[in-house]
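Letters A, B, C and D mark the chains as written, and numbering starts fresh at 1 in each.
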């Protein structure tokens, strides 16, 4: 049985394990004041090409989103996101629990447009309504799609026009920036948002997200907010060491590229065998639609995440590859798919 | 330079690293639904001697406290603790940030008495005041002291009398339960609180706290609260594997015993050289008072946490040992102390 | 210039003013423990026909909603409402500010159906999502429509099936229960919700809403929550005296009936002159659609609340009548409408 | 039976009732956008001598405190107050419910000193602790004492030095500014705090507090916060009309002066009969200490608020006078006191 359910099913990349072992008995300061965390921060700044940003390492995506957004907003201010947005659907009301409304806009492809944002802001006219202040995007989105450089520039424009902050959830940012359709480097990308995070958990780390705060107005006292929300790791070096490994060379991106490459093999196989997909995802998450009998055959050997039951009896599932997915495994899946199709 | 600043300055016990390596490429379910987390839970239940408790693995102490207390309380209910209590002093208002008042009582030795709790409850007479509902203890306390079995039984009594929940922060629970003055097993201890946590971060794990919920009324939907507060780890097995190692035999307790033993060497040396201590701590945190010149000499070779400037010019520092402190190191410190004393 | 903008544009019914004067220099207990508040509570219980409910007098609708809902919910629980729901649109995120997600469902007529509620609950499958726990209705809705007895019975059914609380915002409850299409008495109505409020502000009081809590599980310590949210009025008798007046005879209902009757005159005039309405409201809020030139003419003499610009150039406005709207005024409006139409 | 329990036991000053009657059927805008509220704001600004402040009318003291403080603070920031502070003791954790810690300092006379504030700020050294940001005072304090001009100037100084906001709860501000020991006009007083409120509820209004925001940094979007907390009154004119009456001439101050004058009669009688007081209050709250048998005799005719049982068997009570206390009543009390004393 092989699982395509998620990209957090294995441990960490072997280089990370080796680095943990190598440094294990060194004594360092706690709470992310150690030299590894500092070094990781420097490596990321270098890669982004901006020394003046603040970098904070946190333990997970929901945690990063809730610490950041609640730090950035006054009590009456709200977040705008797509209706598939992770903060709207899959974080158990974490943002609302910090006091802020999340205002969701319909989006079949998981992306927001500047026109939608503009309309949402203009809808909120007075003090009887919340005041939208942050635009929340994910890149890639929850359904695997990505933003182009032009799209992000346009979103930045509308944010500037309306005095909004732009925040981007990069839980799978590596996959966005290394897929074939992408037209940005991390440096290009980092020019747009006021803050974003570079996901480690889903790209080879045991855990860890590197939050980048670019806008000076959002930097003050951020470590207080981390501590208050239980997000300031005592043995913070554990995060620092992992990001040092990921960013000391191209590891972060090569792991993501591998996830995309293995997904590409599956995508080709799906298309060759005539299956359509729910979304046009160029990254490591695919949402194929199968007839029930095909799905049943595949489920003898593979685990998927159920996604949606269609009215015609077919079912969509989510297939996810990762840095840890062996190329042989996806090639085997391609063969099994062909067989399942023929029966 | 050797640091006695804290018990989270090194990585993890080598057995934990080996276990992580051994399991690294296995595929498991996310979000603490993996077999390792389940096994860890079983091992802890067995050690406690009660199958009906709920066990949840979280990532840090502040996180565990805030998720648990906010889950257990209605909005107008408050927590009672000692004025040195971690939640009152050192968690950046984490509990208040979830909406609840923390009512602190004076306590030179870090411990609360049933009489204090009783008085605090009776002080809150009507709906113009908060309603105390949880008694928060730490064992050992912030200043290293411990509760006896009889003291906990008495506290349980007052809690029952006033309809209060008893919650115990066990960030260093191992040290409490393995020190010479202790008169309880984990099983004995677990009979008193409605909920408590067994700290991993400060006792050999990279991170991780095992929350034990004994009272049925506090169990419902707890995973929702964890997720909402960013505390449901995606690669939860990382916590599970560590607690499996710590509790598959006596490792958890032997690590704590070692921390106490190394502290005992320092404590003896302090007493032999005539230094007094701020508190009578039988565990791995010591608070000696040094004349400035002695302190200066020691600080050539050792790092301490500054604790308090006394009015007579002397200074108290905190010295902490841990599972990772070499016995030779504390013996060397004992010699250096003697030398520093003589100069 | 006459304003049809809202039903809170004047002071209070003269009988209320007289009662305030009559009682002005009596000394009474504060914080709603006075005999008037007690009497008002008794009068309402009698009218509802149930002695065992709890009655609390609060100062406004948003306040009542936020105190009640935050009292009823655990942190991860959410409220379901129509997308026109006052808590979703017009309370500046008051419910989210207490930590709870408001999940809105599309509803052109302002009403929720049991099928929608069922679907919303079933959509929330696990701990990565909030847990819907309260169904929030308004009667009449934000667009003037009302629920029938059968509809509320069905909603009660689905709430029981899924373990949900049913809460009804009755800011204009008088108008719902006295309009021609209504098929319930207050007593009938009160059998369905777990809690609801009887609005005073929009029906003849200076301010005041009477919250009725029927479900025993929601009663505990409610006054604590009121105080904590700044909703326990010091001179609470000011609310008590007003509700005594409104409920010592039929005043509450006759004021609402008058609001409906004056609206009915306008509704007839609108229909006779061929104007359509956005919603089929039988109560005191009407949403007519006017050609711009007609609207401009009417606005020489009348104030309306702008509602919606239609794509064909016409505009919808909100017209509201109240207990204080003179019958002659609406007759005059009917004439002016006819003139405006003819030009 | 006459009650000295509080200063909110009667209705409103007759002039207020007349003004409500006079304006009752006028149509005005809702939500404090009416001409009366605007006029009241102008009258207060004039009295303060500063046009650039913002004035907001709210419904009660706890509400005003919680809306203001939660508007002024970021999540990790805290409030410093005396341990008798209303927000610390008597608002059911209202400030904590908005997420902020209230840090209380010991104060037998209800007042804070700059030295205490300085020490409290310096105690909070890093991100593991909250960051004190607002100093909360009451004038008069909870025990009736008042601040001098020099004391407030010194407090302003320490606030400037440490970047703190100074907020003053003026629930009984009239009594502070009209008592014999006072050395400030409202204009003098208003020069010190960043924000403060002028209490109406306890000085002749049915309810209402006028919040004055002097610091520009605290003004933005304040009406949003009011609405979000249920504090934006629909028939806001009800507050406006009352403050118009109170500030159209000297009424506000003459009512407070009367409260002080009637208290002074009682104070003299207490002293003449040899009773000591808990605090040296020059305002309308007195805290005399009585032997039990004297208290029992007085309680045949008078109601007091129990304050404290002393260890010697005597008891302190709170006696409060108000704008509505007849001078004859306090003279009669003086006689009754003499009689009770003699028996």
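Simple rule for what comes next: contacts are C-beta pairs under 8 Å (C-beta built on N, C-alpha and C of every residue); 3 or more make two chains touch, one makes a residue touch a chain.
Just so it is clear, the structure is predicted and the values come from calculations on it, not from any experiment.
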{"item": "Pair joined by the larger number of C-beta contacts - A-B, B-D", "value": "A-B"}
{"item": "Label of the chain whose CA centroid is most distant from the centroid of subunit C", "value": "B"}
{"item": "Whole-Å gap separating subunit B and subunit D, where each centre is the average of the chain's CA atoms", "value": "43"}
{"item": "Centre-to-centre distance between subunit C and subunit B (centres being mean Cα positions), rounded to whole Å", "value": "51"}
{"item": "Where subunit A and subunit B are represented by their mean Cα positions, the distance between them in whole Å", "value": "34"}
{"item": "For subunit D, residues contacting two or more additional chains", "value": "75-76, 91-93, 97-99, 127-128, 130, 224, 227-228, 232"}
{"item": "Interface residues, subunit B side, partner subunit D - complex", "value": "75-76, 78, 89-93, 96-102, 127-130"}
{"item": "Residues of subunit D touching subunit C in the complex", "value": "2-3, 5-6, 8-12, 14, 17, 20-21, 23-30, 59-67, 91-94, 97, 201-202, 206-207, 224, 227-235, 237-238, 324"}
{"item": "Contact footprint of subunit C on subunit B as seen in their complex", "value": "31, 70-71, 74-76, 98-99, 127-128, 130-131, 221, 223-228, 232"}
